[in-house]
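What follows is chain A paired twice: with chain B in the first complex and chain C in the second.
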Partner chain A sequence: MSWITLVRVIGTLTCLLTIVGGWLIARRNFARLSDRPAVSLGIATLSATAFWKLSAFACIAVLPAATMAVANYHTFVGVHEVEACSQCHVMRPMVNDLHDPNSDALAARHFKNGYIPTGQCYACHSDYGFSGDMAAKMEGFRHLARYTTRTYKEPLAARTRFDNHQCLKCHQGKTPFESVHVHGDVLTRLQSSNMSCLNCHGRAHPTRADRTPGSARYSALVQAPSFTEADHE
Partner chain B sequence: MNELKWEGLSVGLASIISLIYVWQPGPYPMGAFTFIAQPLFLVAIVSYGWKAVKELRKRSVL
Partner chain C sequence: MSNGDEPSIDRRDLMRLLAGVAGANALGAATWGALEVLLPQGNADTWTKAVCRFCGTGCGIQVGMRAGRVTDVRGDELAHNAGVICVKGSMLRALPYVQGRLTTPMIRRGGKASPLTPATWEEAMSLVASKFQEAIAAAGPSSVAFYGSGQLFTEESYTANKLFKAGIRSNNVDGNPRLCMASAATGYTQTFGKDEPPGSYEDIDHADCLFVIGANPFHCHPPLHERIMRRKRLHPETTIICVDPRRTDTADHADIHLAPVPGTDLLLLNAMAQVICADGLVDVPFVTRHVRFTDGNASTDFAAFKAFLDANYTPEQVSQELGITAIDIRRVAHRFATSKATMSLWTMGLNQRTQGTALNAMVSGLHLLTGQFGRPGATPFSVTGQPNACGGVRDTGALSHALPNGRVVANAKHREEMEAIWGVPPGTIDPKPGLPAVELFEALGDGRVRAALVMCTNPAQSLPNSAVQSANMAKAGFLVVAEIFADSETAKLADVLLPAALWIEKEGVTGQGERRYQYTPRLLEPPGQCRSDLAILVDLAERLGHGKLISARTPETVWDEWRQVSAHSKYNFAGITYPRLKELRGLQWPCPTPDHPGTVRRFVEGSDPLVHPGTGIEFYGFPDSKAVIAARPYVRSPEMPSSEFPLQLTTGRVVEQWHTGTMTMRIPELRDGAGPARIEISPSDADRQHVAEGAPLRLTSRFGSVDGLAHITDRCRPGTLFAAFYDVKLLINRVVADHVDPVSKEPEYKVTAVRLELAQS
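Up next, the complex of A and B:
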């Protein structure tokens, strides 16, 4: 059984129990339970008051905590998948270009050459998800709020400078990287992200001009991508 | 602890949103889960905890 199936089974179970339990507890008047008959659970018999107070603890404290833990799988782990990124249409130009065999963008070249076996977006933008720091999480929540309230403008522009460690974590120390002498000359600047790898290696994604609504490539770039997650493995 | 009406309804509503998110983890369900369901869960848990502590203090358990 895959993780996603497990999340759905457990999540459905906890949600349904909480919905039913929450409804029953909302209708209960705890002050009038003392004259109700005791509840037999097979292995023990509880007074109606004790039974409903324990049910309230389970439905208002335990099950919601379990539901949050399970549903946050999508928030922190599910977002590593390319399919998750492509669900926001502002990300589609990046995802469609990634799959374009004719594209010479850096991300597309990594994809078609199979340099990154899974989770291609996350591999280079790994400051989100569960392992990301608090600043990255707050930035993610800001993106989510701006997207769902539609308070953004296309083309999107990065607010922060790309951290070169996302490139260096794979390339530094490898023969193809080390054999290029200029890398040694600018390594300090690359490590501090004062110089972008893109200065020499070209753009990572479609240009802002291409991602601007009304441009010649825009309608092709924002089409819903047709792929499955298996295409990225 | 006489009434847990709003706490029960809050967790019920939050669970409906969570159920949608578990099955359809798109941006809008994620936004609803993050900005509506989780705060509702947390408010309900805190309110329930506050009422439980108040009652335990009233009965001199705490």
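Up next, the complex of A and C:
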């Protein structure tokens, strides 16, 4: 069992516990509980009132918090996996192209040449994770709202500039980057994402034309990608 | 809740619950709505496709605008360049707003010695027309000239060519493409019977061997370098061979770098041909079917060609003068011939040479010998220098010897065809070729040409032997310069300065290096009184009495006339209409009908509509449909080192700067990035001449002297110096030789014998 599956199982269990517990608590009449005998838990014996109040605390506070924590962990950390990104079918063209050894897109070249061994999507889009800024979170919320309400239109178009920091965090300071003196000419613009790295290094993913429904590549690009265990390591 | 044992929910509770759920949903929806409104939209509100203003790659771009201003420029991922541009293209956003634009016509009211002062368009154009009329009346039509640019729109170059050759009847129409592409044009024409590259940029994506000779795409055509490297990263088995006297950044990325002595690389090409012939690497079926041989005058055969090579061009015979070992020559020849697909890429290193035509033809000859032609990735590709040298000048025939679509003025049939198409009386076009660039400015100095119009170029800085040529311009009877700045070296010498519109301040079509025509829209109002060059030419035509001839007066009507002209030739791009250009990311000719998708590989059946079915490959430029391989003897450059001038100077561009720097030196990132131009010298030469880093040097050739600061770098091979030509503080072309190729008349910028002295600081 992969860890991502474990997170899902734990999240589902806590969620189910919350629902079942909440249902039981909602059926209790707390005013009449004092007449009831004590409840033995094996290691301790509680009055019925105390037991149900503790249960209520667990179901109203502890378990929802745990569920939220697990869900957020899943959201933020689960997206480290390429497979997690491909769950949304609008992301499939990006993932399929990433894995295409004949694609000349920047992401595919990084993948093919093993520049990023694991978590390839997240490596360049880490602002959706814990480390990203509020703007990325807001944009992520917007994407979620659009996706779940099906109010998006293919081909997807990025609304905001890609944050060059995602490139610079690996490339800046390394010889291949530093030896190109043009990088120095416009470093301030690059660091502020005022000028895109993609200007000189090309598109990262399939073109909008290829991602448009009905295009020659579209049906191949939206196939469900297959993953092996190795993809999760 | 009720008071019973079992809980129950009444209507009020239900309403509260539903209200809570609705409130939570409303909160989520409100957050989403707020984010849709508040999240930043990037740098621009609108994006419009256009074309880069700078090099001959002709990159498709997207111009981002907000509140009527250009706020961003990025590569167009749907264009041939797949979204890749370079630092100059990225900084196009700053170009419309640089300081110092010329915004009003200027004239000298008191003769040559008086300053340029503002004038109205009426005053300026009346003066221009009267001076042109005076010159024509006194010394005939050939006493006036037009000197244009590979940076004008096609509609502008076409109109100028038509006005001067069919209206004024002067063949003195030339331009800066003479300085960069003329040898490519003559080389292709001598080999295939037709000018322009047969292949496309996309051949880079299929080549297994890239033979880059006399080119430095890392600096001069960065998106092509990126494409080459994309190929390499995707297919690491691809071999990149770079031939350049300097260890350029391009050479750094190559698998094999050969550094010949400047001026000797025809020895390399001939020796490669010798190895190919001697080692059985010739594609015999291809050669038999598609090639004929000449000795430059008469037809010969393969045996004669091989004998010519065996006599003087074995690797061992050429090795010493060439400066490359025989082993390396053989290695490269074998790789060139045996790769699945070899693509050659070259530019000024071969063009700007006294043997430029021979060099160009011989590279194509290697492809023909080895059958490296017509398949994806197998093609001889001359990379062009300027964004519209191919479409605007080579195709329109806006050169002194040429007429549209590959015709020449010396050919009576060609003249008759163009006279009929243009609707002018037979005999209108002068049968004598006009003056090519170098001679044209010499004629301006000695009075053979009395009035000239220079548009969109800066010859006082860019011509070889530029001190002498600047003096010629200063002496000129009457020099009109249409410019965007008043302080260019040429503008300073003008008698009349006309303020021109720039880039997206006007609309028009450019044709880049792979026969692709692309449309640039007008997105900005020109500043002040600036006008498009087309408007200036139309005004001049009207004032000189040729208004009827120049009846097409808007970019689209001129283009429509021009594409109809092309239908009478093998260029045929009648199907490239303005609506298609506005919609598509350009089209490659031939493209005879409005439904034709364009031609990726010329002369190849299935791609080129002019090739007859069943022929496979048809070199229809010649009557026998065969391409030509000529025996090209190596002729030593007049600028080889001597005791008086022991070093050799080569010149070129740097990535941040465009040509003479008039635009790019005004953009801080590009100015600061390039820094001041230096004289690059190898460590061994510096040591021998006791030159320290940054030392002031005086460079002297047979043509002149220039002072500059030293930069010691092992990128230069010993004996070779390098300087870029963008910087007015190092006018390097003052020392550059102006010998020309006898066929193409293109000057030999790349080889000048010089000596070096420490200058007084």
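Convention: the second predicted complex is superposed on the first by the 208 of 233 C-alpha atoms of A that agree within 3 Å, B and C clash if a C-alpha of one lies under 4 Å from a C-alpha of the other, contacts with A are read in each partner's own complex, and residues count from 1 in each chain.
Assume contacts are C-beta pairs under 8 Å (C-beta built on N, C-alpha and C of every residue); 3 or more make two chains touch, one makes a residue touch a chain.
These numbers were taken from a predicted model, which means no experiment stands behind them.
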### Query
Just chain B (first), just chain C (second), both, or neither: which does A:H165 touch?
neither
### Task
Using the superposition on chain A described above, determine whether A:T75 touches chain B (first), chain C (second), both, or neither.
first
### Message
According to the stated criteria, A:A31 is in contact with first (chain B), second (chain C), both, or neither; which is it?
### Response
both
### Query
Should A:A145 be classified as contacting the first partner (chain B), the second (chain C), both, or neither?
both
### Message
According to the stated criteria, A:R217 is in contact with first (chain B), second (chain C), both, or neither; which is it?
### Response
neither
### Task
Scan A:V182 for contacts with chain B and chain C and give back first, second, both or neither.
second
### Message
With both complexes overlaid on chain A, does A:R203 touch chain B (first), chain C (second), both or neither?
### Response
second
### Task
Quick one: classify A:D104 as touching chain B (first), chain C (second), both or neither.
second
### Query
Residues on chain A in contact with chain B in one complex and with chain C in the other?
26-29, 31, 141, 145
## Note on the structure
Interface with chain A, chain C side, in the complex: residues 1, 3-7, 28, 31-32, 35-36, 38-43, 74-75, 77-78, 82-87, 89-91, 205, 222-223, 226, 230, 233-234, 249, 655-656, 669-670, 672-673
### Query
Which bits of chain A are touching chain B when the two form their complex?
7-8, 11-12, 14-16, 18-19, 21-31, 53, 56-57, 59-61, 63-65, 67-68, 70-71, 74-75, 78, 84, 87-88, 141, 144-145, 147-148
### chain B residues touching chain A - in the complex, by the definition given at the top
1-12, 14-16, 18-19, 21-23, 25-28, 30-35, 37-38, 41, 44-45, 48-49, 52
### Message
Considering only the defined contacts, which chain A positions touch chain C in the complex?
### Response
26-29, 31-32, 102, 104, 109, 112-113, 135, 138-139, 141-142, 145, 159-161, 180-182, 184-186, 189, 194-196, 198-203, 207-209
